[in-house]
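One chain, subunit A, links the two complexes that follow: it is found with subunit B in the first and with subunit C in the second.
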Partner chain A sequence: MSKPTLATVSLGGCEGCHVALLDAHEGLLDILGMADLVHSPFNGTETIPDRVDVVMVEGAVTTEEDLRRLRACRAAAGTLVAIGSCAVLGGIGGLRNLSPLSQVTHVAFGDTTKSPLLPRLLPNVHAVTDYVAVDISVAGCAPETELVVAALVAAITGQPHELPRRNLCDECHRTKNTLLMHSREFVSDAVYALMELDHIDEDSCLLEQGLMCMGPMTREGCGAKCTAMNVPCRGCSGPSRLDFESGGKAVDALAAILPAGALMYLEDLIGTGYRFTMPVSVFPAIVDTEESDNG
Partner chain B sequence: MADTITLPAVKRIEGHGRVSLFLDDRDRVSGAHFDVIEFRGFEKMLEGRMVWEAPLITSRVCGVCPVSHHLAAVRAVDALYGVTIPPAAALLRELLHLGGFAQDHALHFFFLAGPDFLTGDGTGSRDLLGVIAAQPELARRAIALRRAGQRIVEMVGGRTSHPVAAIPGGMSKAITAEQRIELTGLVESMRETASIAADTSREATLRLLDRYPEFSAEPVPYVAQTRGHEFALLDGEITVLNPDGTITERFAAADYESHIGERVLDGSYANSPYLRSLGPDAGSYRVGPLARINIVERMPGERSQALRDDFRATLGRPVHAVLAYHWARMIELVAAVERMSAILADDEVISPDVRVPVQRGVAGVGTAAIEAPRGTLIHSYEADEVGRIVKANLIVATTHNVASLDRAVLDAVAGTAREEALSDDSVLMMELGIRAHDPCLSCATHEIGRMPLVVELIGADGSVIAEKGVAQHG
Partner chain C sequence: MALGVYLSRCGGLVDAAIDVDEALANVREVAAVACVVDDVFDPIVVAAIESDIREGGVDAVVLAGNSAEHLSKSLSAGHLTRRLVSAGVNPNRIVVANLLEQVALAHPGDRIGATRKAAGIIDVAALFATMSPEVESIDLEPKRSVLVLGVTTEAMIAAQRLLQLGYEVVIADRGNGSATAASATVLKSTSAFVRGHARCKFIDGARLVDGDGWLGDYHIQIQSNEGSRRIVVGGILIARPDSAEWVAELREHFRVDVDDDGFARPLDPHNHPAETIDPGIMVVPVRVDGTAHRDKVAAADSVAMALVLRLSQTTVSHYGDTSAVDEALCGGCATCVRTCAFGACTLDENGRSHVDVRRCRGCGKCVVSCPVGARDIVSSPHDYLIEAVRSLSRVPVDVGHARVIGFLCGGCGYPAADAASEFVAQRGQGYPVTFMPLRIPCGGRLDTLYVLEAFKVGFDAVCVYRCRQGHCHNLIGNLDMDRRINLLRAVLRSRNIDDARLRIVDISPTEGERFVESVEEIYVSIASLTNGKGAAV
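Now for the complex of A and B:
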């Protein structure tokens, strides 16, 4: 019996999820033993066949070309696996939705008229789930290699796939004294940038040290590697339940632990709370009604 | 409407590009462009963000060399606040950078470009699977080397993709004595493979140059950051080597705008930088391994120094053949291993003193350049007094090479008639020229594109005559 076929496709993004897949190292050989790689950036085959058992898609939908390729992926795929926060949540590139497209392009190349042969930019960046049904989703920027491999193995073998559903705080090694006491006292008098702290306590909760940490608003599964490095979570894996908004939830969580005045010191709540989720949030991002001049 | 034909596409570059070929009125190829067809808009996205978040945001420009963006950004913020970081932090950042550098160079040589010259007699598939099949032992070594590089990035930077540990003022965490031992073992495990790779790339380069002696070897300027005459990837000055081999400019990254202009292209989402001193036409230059090896006099260790000396003795200086990038790249892999080894031998590397606190409060501009695997990477941020970015500019390595990419493509098919320009041999030549640069299109202006290489023929009247590219599925 022939092996299942596998294709991997990159839309608008940084290709970091493909690198995460490569980072399976020898494990990649195991995957290649389970399925025939019929199309990928590493593989010379130039076209995605009409039918592929498993298609992994990385990246967000940023151009008309992305959308065309995404639809081709969905049409071909038995199982469509969305890997990474760009595909699942719209990702960091979705921050461009905060500005009209004409302003975004103006900053990069002024008013130069672009060739009509270039793929036309969409007014807003979208998650792939805005356009097609996805069978398996793994957010993360980039997701841990083990999570990518587990999703592909599940898809190839037809096994059910589930992600952990707790919050990052549950796997973070730090002690959360005040946060868990439901104290009436606020944990911090202000919000600081990590660089501003005189001393970073390696063991206590970063929120309790006055840092904006997205742990309570973020799905576990990454191993809390950032907080282990003394760096607050930025929420790259997105919310553990897709029915809440990461930014709104961040305000909710912060309000319980900080005086209102401290929030005023947090200048960029949007860019922090919605860093990876803007395209799937209900936050009213700019709708660009201008006719794009980009072809 | 133009006729469209679909044929093989260029793969095995990071991201995907498109080539436009322009025909003259005799229907012969007279011009070429390597086009960037994606655009993400990071410069605008950064406006309104807090400047100390830039190292965490801009790493997402590129999943292939996120370490480079992370470090370029953090050094720009250091510059903005006038911070001098502790010596241990400088060592750790360099170690982080070199770990990423080594894995990235290995990825390109073995698995992206490698299929062009490592798949033996040509009967196997010219892709990653072909390398594994034809050279199982070499492929295993390459995988192990990449794994070691990524593990170094993870230990020092916190994560392999989009690391987090470099913060304004230093590093968020020191390494322990135990970690130093593990890191030393990882570096030593890379040494032999790096050496084999250098020998293999020498052989492959000479074979390619023997076969295509004239290919894309036009004299051009080279640009790289150096510390004096030393190979230095993280700090120093930007140095310009003229096509004749003389060093004509040295400047601090902060002065980049006085020396480097950016030409906006209508057929590409990438801009094309040039040296102001030479003007937009003569001033286009190359960056990356070939530029660095052409410019630098002192390599980090004996082995890399010997390899560089051999490179120069064999090919001259400056070396203009674009195919020599492959050899230069693997000399750098050896240099990276030697430098990491020296860093880890320094007891300072385990000092717990890895940061100074940095306070916001001044408005200003911070600019920094580093040498990313593909070449000079410049990040520049203007921030207000609360730390909010009001303006950002990034010039990424592949962007500097846009003009050189154009030249390589043109050289492959200049003067040919349309059928010949679209033949498999021509496409292979264009691919060889493009891949030698290791273009990273995810990054190439945080603007660039993906999509396998599509070649378009554009007639004298500007209309698209033919297109050779991927079948419209993927």
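Now for the complex of A and C:
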């Protein structure tokens, strides 16, 4: 009996998730021992075969070409694995949804008309799940190599795949002090941008030090590498319940514990709370209607 | 799940304003039983519901008619609930759909609109009854002891009655209470009886520093001239409701309603002048100077009797209206710990959130602040509230009419919406029927996701009702909500969405007129707006 087949596809994105896969180094040999790679950006084949056991999709749906290829993937795939925040949540490129398409093309291409050979942009960036059913989702920008490999191995072997469900604080090494004390005062006096602080305590919670950390709103799995390096979490893995809006939850969780300064940061809630999740949030739905009402 | 829906005509008031069969049309598709009755309190009706439960397998009940607030205060409703529970329905699955005050009496003259709204409210109640988890009861034998706060004539009479009935009494006074009692010039014999009684203790110079528990079993830490001591009592009598200090200390741990001066306020001054929110804590009505002694005696007797009726039961059941933790989701971010105003949340040795049920009041602030959905309140589950918003958006409205959702805090907005029916009757004109009420236990329970969802499913505006400053039963649930909503409004503005579509209304439970005005105001203010309207999806 022949080995299962595997295809990896990149839609609108940076291909960082494919790089995460390549980072598995020798580990890739295990995957290639289990499955035949029939189509991927690595081997240069152009069309997606009609039938593939496992298809890994990276990137968001940003053009008509992306959409065509995604539908081909779904039609071909026994198991569809969405890898990365672009595929699962729309990703950072989804921030383009904040502007009308005409403005986007104007900024990108100026007054010159773009080549007719390029695929036509969709009015909005969409997550893969907006169009097709996905069997396994692994968010992250990019996801940890082990998470990508584990998802592919599960898909190839037909095993159920469980992602961690808790928030990043579970993995973060930092200790909490004032957050654990019952008080109606905020956990910090003010909120700071990273560069404003001369010294960041390496062991205590960043929120307690007045830094906007998205850890509570973010799914674990990355090993909390950013917070280990004194950098607050930016929330690239998205919320651990996909039906939660990370931006809405940022309002709920942080408004209760951080002083008014945090709220000023949060006024750029789109950039803070929805940096990776704009296309799957409620806000575009509101904006869309606004445009259609006016035009 | 077999759902039984019983629509009460409420003596003809409900079917005068709505088409009851039409209102039940939706729910008939999902309910095992859906019928119209004259009055749910009628013994024949109660027996019929019991029979549906025991023989028809009904395990979730919607009582459509009177308001939830009416039912929670009425003795006959308490009796009805107990009958249904003993027949086998979990108390969390007995749900009220308020058709009388918030639909029938609120919208006279719009039979079609009121009928649609009634159907929507019944659907939401059905969602609640079928989606909420069962709650387990905590049963305890009530302690036969009472803490009396403050020395007054009424306090001494009540103490005398309690001692005579075999109860232990602790009388705590901020000043020198034992001396005050000794120098009493009126009812000297009562005072002497109480002071000399073996089962009575006085604590002078007392401050209430900590407390937890519920009817039948309160643990209270009192700091006094003699140091700190912990006492265990079954009930508490506030004999100095005019002491803002006592009331403030109590409110840190228990549910007591307050008036504008910070004094203890009975929930229903007309019918039950002794009752606060917490069923084991009573307000002893203190009469103004010059009140006849017989009135003081009557008031004190009445309050002692109200407490004795509760403490004389062999078993008291507490159905945990508390917060639950899903340990598979909790990552220990501790936002709930910081948010809880009552110290009910802690992180355990594994770094997971832990709830002290004796301190938790089920306000839901921890649920809202939990970013992973590891917390939920059994009596207002997250999934139900989201589904209720969607369900209310499907109530049909006439073309060109705006639809508004109102999140009503159970402590203020919801009773105010009930009270609005009286104002509507006075002026003979209802408020816009497309205003959809949704009860939440506290303003602090309002999750930003519900507001976003409401816009997403096509509501033109969202009104949130919260208690006035200092009046929140959960101390700061209202302020917490303010911060969230004001922040969200800033976000809406930054997206060119008019923040007039999201309005905070502060209100007291009796302000029916203000409620109606607030609803009409929002309709006026959104009429001129064109941007930012959501879309039904």
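Everything below uses one rule, namely that the second predicted complex is superposed on the first by the 273 of 295 C-alpha atoms of A that agree within 3 Å, B and C clash if a C-alpha of one lies under 4 Å from a C-alpha of the other, contacts with A are read in each partner's own complex, and residues count from 1 in each chain.
Assume contacts are C-beta pairs under 8 Å (C-beta built on N, C-alpha and C of every residue); 3 or more make two chains touch, one makes a residue touch a chain.
As the structure is a computational prediction, the values presented were derived from the model and not from experiment.
Peer 1: Which of the two partners, first being subunit B and second being subunit C, lies in contact with A:230: first, second, both, or neither?
Peer 2: The answer is first: A:230 touches subunit B but not subunit C.
Peer 1: Answer with first, second, both or neither: which of subunit B and subunit C does A:146 touch in the superposed model?
Peer 2: Once the two structures are laid over each other on A, A:146 reaches no partner at all.
Peer 1: Check the residue A:241 against both partner chains and state whether it touches subunit B (first), subunit C (second), both, or neither.
Peer 2: The answer is second: A:241 touches subunit C but not subunit B.
Peer 1: On subunit A, which partner's contacts cover more residues, subunit B's or subunit C's?
Peer 2: After superposing on chain A, more of subunit A is contacted by B.
Peer 1: Which partner does A:115 reach: the first (subunit B), the second (subunit C), both, or neither?
Peer 2: In the superposition, A:115 touches subunit B alone.
Peer 1: Quick check on the superposed pair: does A:23 touch subunit B, subunit C, both, or neither? Answer first, second, both or neither.
Peer 2: After superposition on chain A, A:23 lies in contact with subunit B alone.
Peer 1: State whether A:268 touches subunit B only (first), subunit C only (second), both chains, or neither.
Peer 2: Both subunit B and subunit C are touched by A:268.
Peer 1: Once chain A of both complexes is superposed, is A:135 in touch with subunit B (first), subunit C (second), both, or neither?
Peer 2: Neither partner.
Peer 1: For A:257 in the superposed arrangement: first (subunit B), second (subunit C), both or neither?
Peer 2: second
Peer 1: Between subunit B and subunit C, whom does A:167 touch in the aligned arrangement: first, second, both, or neither?
Peer 2: After superposition on chain A, A:167 lies in contact with subunit C alone.
Peer 1: List the residues of subunit A that touch subunit B in one complex and subunit C in the other.
Peer 2: Comparing the two interfaces on subunit A, one with subunit B and one with subunit C, the shared residues are 267-268, 270, 294.
Peer 1: Could you pull out which subunit C residues touch subunit A in their complex?
Peer 2: By the definition above, subunit C touches subunit A via 328-335, 337-341, 343, 346-347, 351, 365, 368-374, 447-449, 452-453, 455-456, 475-476, 480, 483-484, 486-488, 490-491, 494-497, 530-535, 537.
Peer 1: Which bits of subunit A are touching subunit B when the two form their complex?
Peer 2: 7, 9-20, 22-23, 25-26, 28-29, 32, 37, 39, 41-50, 59, 62-63, 65, 68-69, 72-73, 76, 91-93, 95-96, 98-99, 103-105, 107-110, 112-115, 117-119, 121, 141-142, 145, 193-198, 200, 202, 225-226, 228-231, 234, 236, 267-268, 270-272, 275, 294
Peer 1: Which part of subunit B faces subunit A closely enough to touch in the complex?
Peer 2: 8-9, 11-12, 14-16, 20, 35, 37-41, 43-45, 47-50, 52-53, 56-57, 60-64, 66, 107, 111-112, 115, 125-130, 132, 140, 143-144, 146-147, 150, 154, 157-162, 164-165, 167-169, 172-173, 264-269, 271, 355, 357-360, 386-388, 442-443, 445, 447, 449-452, 456, 464, 470-474
Peer 1: Show which residues of subunit A lie in contact with subunit C when the two form their complex.
Peer 2: Subunit A reaches subunit C through residues 165-171, 176, 178-184, 187, 215-217, 220, 239-241, 244-253, 255-257, 263, 266-270, 281-283, 285-290, 293-294.
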